[in-house]
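Below: one structure, written as structure tokens.
In this document, chain identifiers A, B and C correspond to the written order of the chains, with residue numbering beginning at 1 in each.
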Amino acid sequence: MRKSARLGAAVFGVVLAVSACSAGGDEPAATAGQEKVTLSYAMWDNNQKPVMEELGKAFTAAHPNITVNVQLTPWEGYWTKLKAAATGGAAPDVFWMNGPNFQLYASNGVIRPLEEEITKDKVDLSVYPKPLIDLYTFDGKHFGLPKDMDTIGVWYNKSLFDAKKVPYPADDWTWSDFNEAAAKLSDPAKGVYGTAAQLTSFQEYQYNTIDQAGGFVISPDGKKSGYDNPQTIEGLRFWTDLIKNKQSPDLKTMTDTFPLQLFEAGKIAMYWGGSWNVSEFAKNDYTKDKVDVAPLPKGQKQATIIHGVANVVSAKTGHPAQAWEFVKFLGSKQAADILGKKGPIPAYNGTQSAWVAAHPEFKLQTFLDAVAYAAPFPVSKNTAAWNEAELTYLTKAWTGEEPVEKAAAELATAMNALLAKE
Amino acid sequence: MTLTTRRSVTKAAPARHRPRRKDRAVEALWGYAFIAPVGLGLAVFYLWPVLQTAYFSFTEWGAFGGHTWTGLENYLRLAVDPEMGRALVNTLTYTVLGLLAIPLAIVFAALLNTKGLRGVGVYRTMFFLPVVTMPVAIAMVWRWLYNGDYGLINQVLSLVGIDGPNWIADPATALPALVVVGIWSSVGYNLIIFLAGMQAIPKEYYEAAAIDGAGPVRQFFKVTLPLLSPTAFFVSVVSVIGSLQLFDLVYVMSGSGSSARSNPAFPRLETVVQLFYERAFVTNDRGYAAAIVMALLMLIIALTAFQFRLQRRWVHYG
Amino acid sequence: MAEAPTTGGRRLGLHAVLVAASLAMVAPFAWQIITSLKTLSEATKVPPSVLPSGHWENYGEVFGLLPFGDQFLNTVLMAAGRTVGQVLLCSMAAYAFARLRFPGKRLLFGLFLSVLMVPPQLFIIPQYQIMSSLGWLNSLQALIVPGLFSAFGVFLLRQFFLGLPRELEEAARLDGAGPLRIYWSIMLPLARPGLVALGVLVLLWSWNDLFWPLVVNTDPEQMTLSAGLTALQGQFQTNYPVLMAGSLLASLPVIAVFVFLQRQFIQGIAHTGIKG
């Protein structure tokens, strides 16, 4: 579509001149306003597709000239496809973005800064949690409006607590309370453990304890790794000690059977999980009436990682004005109210009560209360590169092959080298 | 039976009549015409991307296009990358062990080709089922069999007092365990090819062998095997290429997708294509990924050329 | 083909081997059936239960979640297009490589083969861009066209042609038949088992091909079944029973085709009276 594709068409010859029209062939946005426009809106969650379509219709009701075509690409292929499309300059007009990928897209000019529009339309950014606004800021410019959010809590199995006569977690519990409970709840002979020190999901595990220990993953300027910081290492040791003390299954066991499955089988008493686990735990026959959720325990300080999806606009869109209108609408209270009834937690402050009310059997308010002390998700321009290094190096600490401070130091060196290349 | 005396290889055979020059020109034109459709398609959709990749292997290649020339840098980095070394060793091990699939498939193809065996059609269909079974289901079943705590294998072993390992998480057992799954998955495909190859063997050969007093086993070795050799050669070349390109199996079996790296056995499991995939699609190191894939391509070309050289020793063409 | 062993003991042994091997082959498929009838909680249980459960509604759910009819049609068209196209185009090239003489044959064959040696993941982004610049994104031809050309097919059929006896061809040539007629009336019928085998393999691969349709097409109505089913695999959660039910429904036609075509593997050309 548009200029770049026409240029390509010229190179490729006659066949294309015809087909290029089918790809869109719309007028440049300068003449926008009255013409009919269809925006493509890409997302990855099949469960949210109906809500997104409903939002699209609500938007069209207010802007009769703009229709929205919701395009689902399952998570499995979403990023590969988006990358292929963006490389050819044919990315969807508006699409879902996540934290780890954001700076890659922003720094490569694939998505459009929305700074001017936000200023011009006086959009109030204080209605969203600040760590989410910061997450989608690059080079001092805002690139997206947060759509939803998630925080982390400790899901616990009440019947395992009852069986060992351990009191349920208190809202102000600490690391030592957690460790004490984990010790009492563990019964390795029966294959039951206090918790599972999962290696693979840093969002739910290591990043939280690193923040709670007063450490950091990446320096605020995004140039230096925090993995050689002693407090960061304490945040990691929290988990490796649990494995060493047999209060968590070892890494081999967790490779064979994922911690989530172990929790749903009653083999794990406390599972660190996200607000997105609600729907699964509410449906699962075993967990639906046996589990509840508590805040993360306090270390040096209280902390949880917050993350959320944002809606962003393609830099190459032919309809920047309309795309912005749509993003603005998706970030509005009206949209958040629609989303909150069926989807994840809306990012817009004060619209989350419907989400909490949907499952009164769990203390879901826990996840909202956590926003007050939420810490940002650590990212850089090429987050994926050091995310991979985190797994490569920390595996050795999780198996006990290397002391955690040694593995972390090696990781810091590798991560610094990767950051230097960004 | 003349089969024991080696039959001449293709190129020697057509020297029977000497065509005139014009005939030869016409034949050549026909030759080009016959290969043109596939040739053009392959050139546009496959060879062109390979050439581009070859070029980009000498560059630093941005996540969304754009590149800067870096000369041999990617290759120099590759030469000292310990991860590439490991991946290469693993990949070659998979390849060698995976060759076991070929004799296995030939034997089963011969059994399933037994004339007058009751239920042979049902057996054939059952052997075919793995290729239509959903990969997710296959991974679930094998992961359960191999599970250290709940797996069927270890439950059986515990009956005789053996405490089995976490098969796919233990560096000592993970690779052989995956090879078994790989062989299991390939049997169905190879069977289809071998069964077809067996049909192309004229039945007169078997009749002649039977008259000479050869039983089924002797017939298998004297008739089936030599006449199946062009097919076996094909399967061998394709299997070696497939093993050297191994990726999916490790991806689905060793952990849940992105977490394959958290498998303690990962250093013994990672393959060259996995490394390529991660550099190209995950960590945005595309120039380096291009160098990895070019190096692998060179290796595959070398091993395939070697097999073509060896075929003169064991492949019999009609 | 080998005659069945005559003694009863041998025959029994043969059956024992085949039954054991068949069970190993069928197990995951059986698992898929069992899982498709469970609830999600039952399906993710640890340790897993092998007892079937009767949740047939999973099958109904598939139709609610996917435009099954559209996707089925796309799958059939894609698979049929690729299969017919590949068998035809590859057999032509294979015949030329096996029997015709022309300068540069070895080099060209080497080039063809080299395509087979490239890891397929390399092609995703370049082919997407070719489709994009042709304006073919979200279309049926995007699903079919790149899959028409196959080095694998050429190599497979070349091996078949090379293994065929030359007598019939020679006779036809003496009768004045040109390459086209020899290819069409002699080689193709002789190589039928090979063509069928290639056809079955291409059909299978097209049917199971999941990533390419996912990347190149966007609308659910333009998607194939195996790609469409990935929508049921979420970022955090997968509805395994419905996924397995959908996959099972999707695979039934392929199984039917195989059951029907396997006779072709048995009645080959061996009866056409070629002298050995």
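As a working rule, a residue touches a chain if its C-beta (ideal position, glycine included) is under 8 Å from a C-beta of that chain, and two chains touch if they have at least 3 such contacts.
Just so it is clear, the model here is predicted, and its values are computed rather than measured.
*Asks:* Decide which interface, A-B or B-C, involves more C-beta pairs in contact, and give its chain pair.
*Replies:* B-C
*Asks:* Farthest from chain C in C-alpha centre terms, which chain would that be?
*Replies:* With centres defined by C-alpha atoms, farthest from chain C sits A.
*Asks:* Per the centroid of Cα atoms for each chain, what is the distance between chain A and chain B, given in Å?
*Replies:* Result: the chain centres lie 39 Å from each other.
*Asks:* State, to the nearest whole Å, the distance from the C-alpha centre of chain B to the C-alpha centre of chain C.
*Replies:* Going by mean C-alpha positions, chain B sits 16 Å from chain C.
*Asks:* Would you pick out the residues of chain A that each touch at least 2 other chains?
*Replies:* Counting only residues that touch two or more other chains, chain A contributes 80, 83, 87, 257.
*Asks:* Any chance you could list the residues of chain C touching two or more other chains?
*Replies:* Answer for chain C, listing residues that touch two or more other chains: 46-47, 233.
*Asks:* Specify, in ascending order, the residues of chain B that touch 2 or more different other chains.
*Replies:* In chain B, residues 147, 149-150, 281 touch at least two other chains, as defined above.
*Asks:* In the complex of these two chains, what residues of chain B are touching chain A?
*Replies:* Going by the criterion above, the answer is residues 62-65, 143, 146-151, 166, 168-170, 254-256, 258-259, 261-264, 266, 278, 281-285.
*Asks:* Quick check on the complex: what are the chain B residues that touch chain C?
*Replies:* Per the stated touch rule, the residues are 10, 13-14, 16, 24, 27-32, 34-35, 37-39, 41-42, 44-50, 52-53, 108, 110-117, 119, 121, 123-134, 136-138, 140-142, 144, 147, 149-150, 184, 187-189, 192-193, 195-206, 208, 210, 216, 219-220, 224, 227, 230-231, 233-234, 237-238, 241, 245, 247, 273, 276-277, 280-281, 293, 296-297, 300-301, 304, 317-318.
*Asks:* List the residues on chain C that touch chain B in their complex, please.
*Replies:* 1-5, 11, 14-15, 17-18, 21-22, 24-29, 31-32, 35, 46-48, 89-90, 92-93, 95-98, 100-103, 105, 108, 111-123, 126-127, 130, 145-146, 148-152, 154-156, 159-160, 162-166, 170, 178-180, 183, 190-191, 193-194, 196-197, 200-201, 204, 207-208, 233, 238, 240, 243-244, 247-248, 251, 254-255, 258-259, 262, 265-271, 274-276
*Asks:* So in the complex, the part of chain A that touches chain B is made up of which residues?
*Replies:* Against chain B, the touching part of chain A is residues 79-80, 83, 86-87, 104, 108, 110, 191, 199-200, 251-253, 255-258, 382, 384-385, 388, 391-392, 395, 398-399.
*Asks:* Where on chain A is chain C touching in the complex?
*Replies:* It is residues 5, 8-9, 11-12, 15-16, 18-23, 44-47, 71-77, 80-81, 83-85, 87-88, 90, 257, 261-262, 264-265, 267, 274, 276-277, 279-280, 283-286 of chain A that touch chain C.
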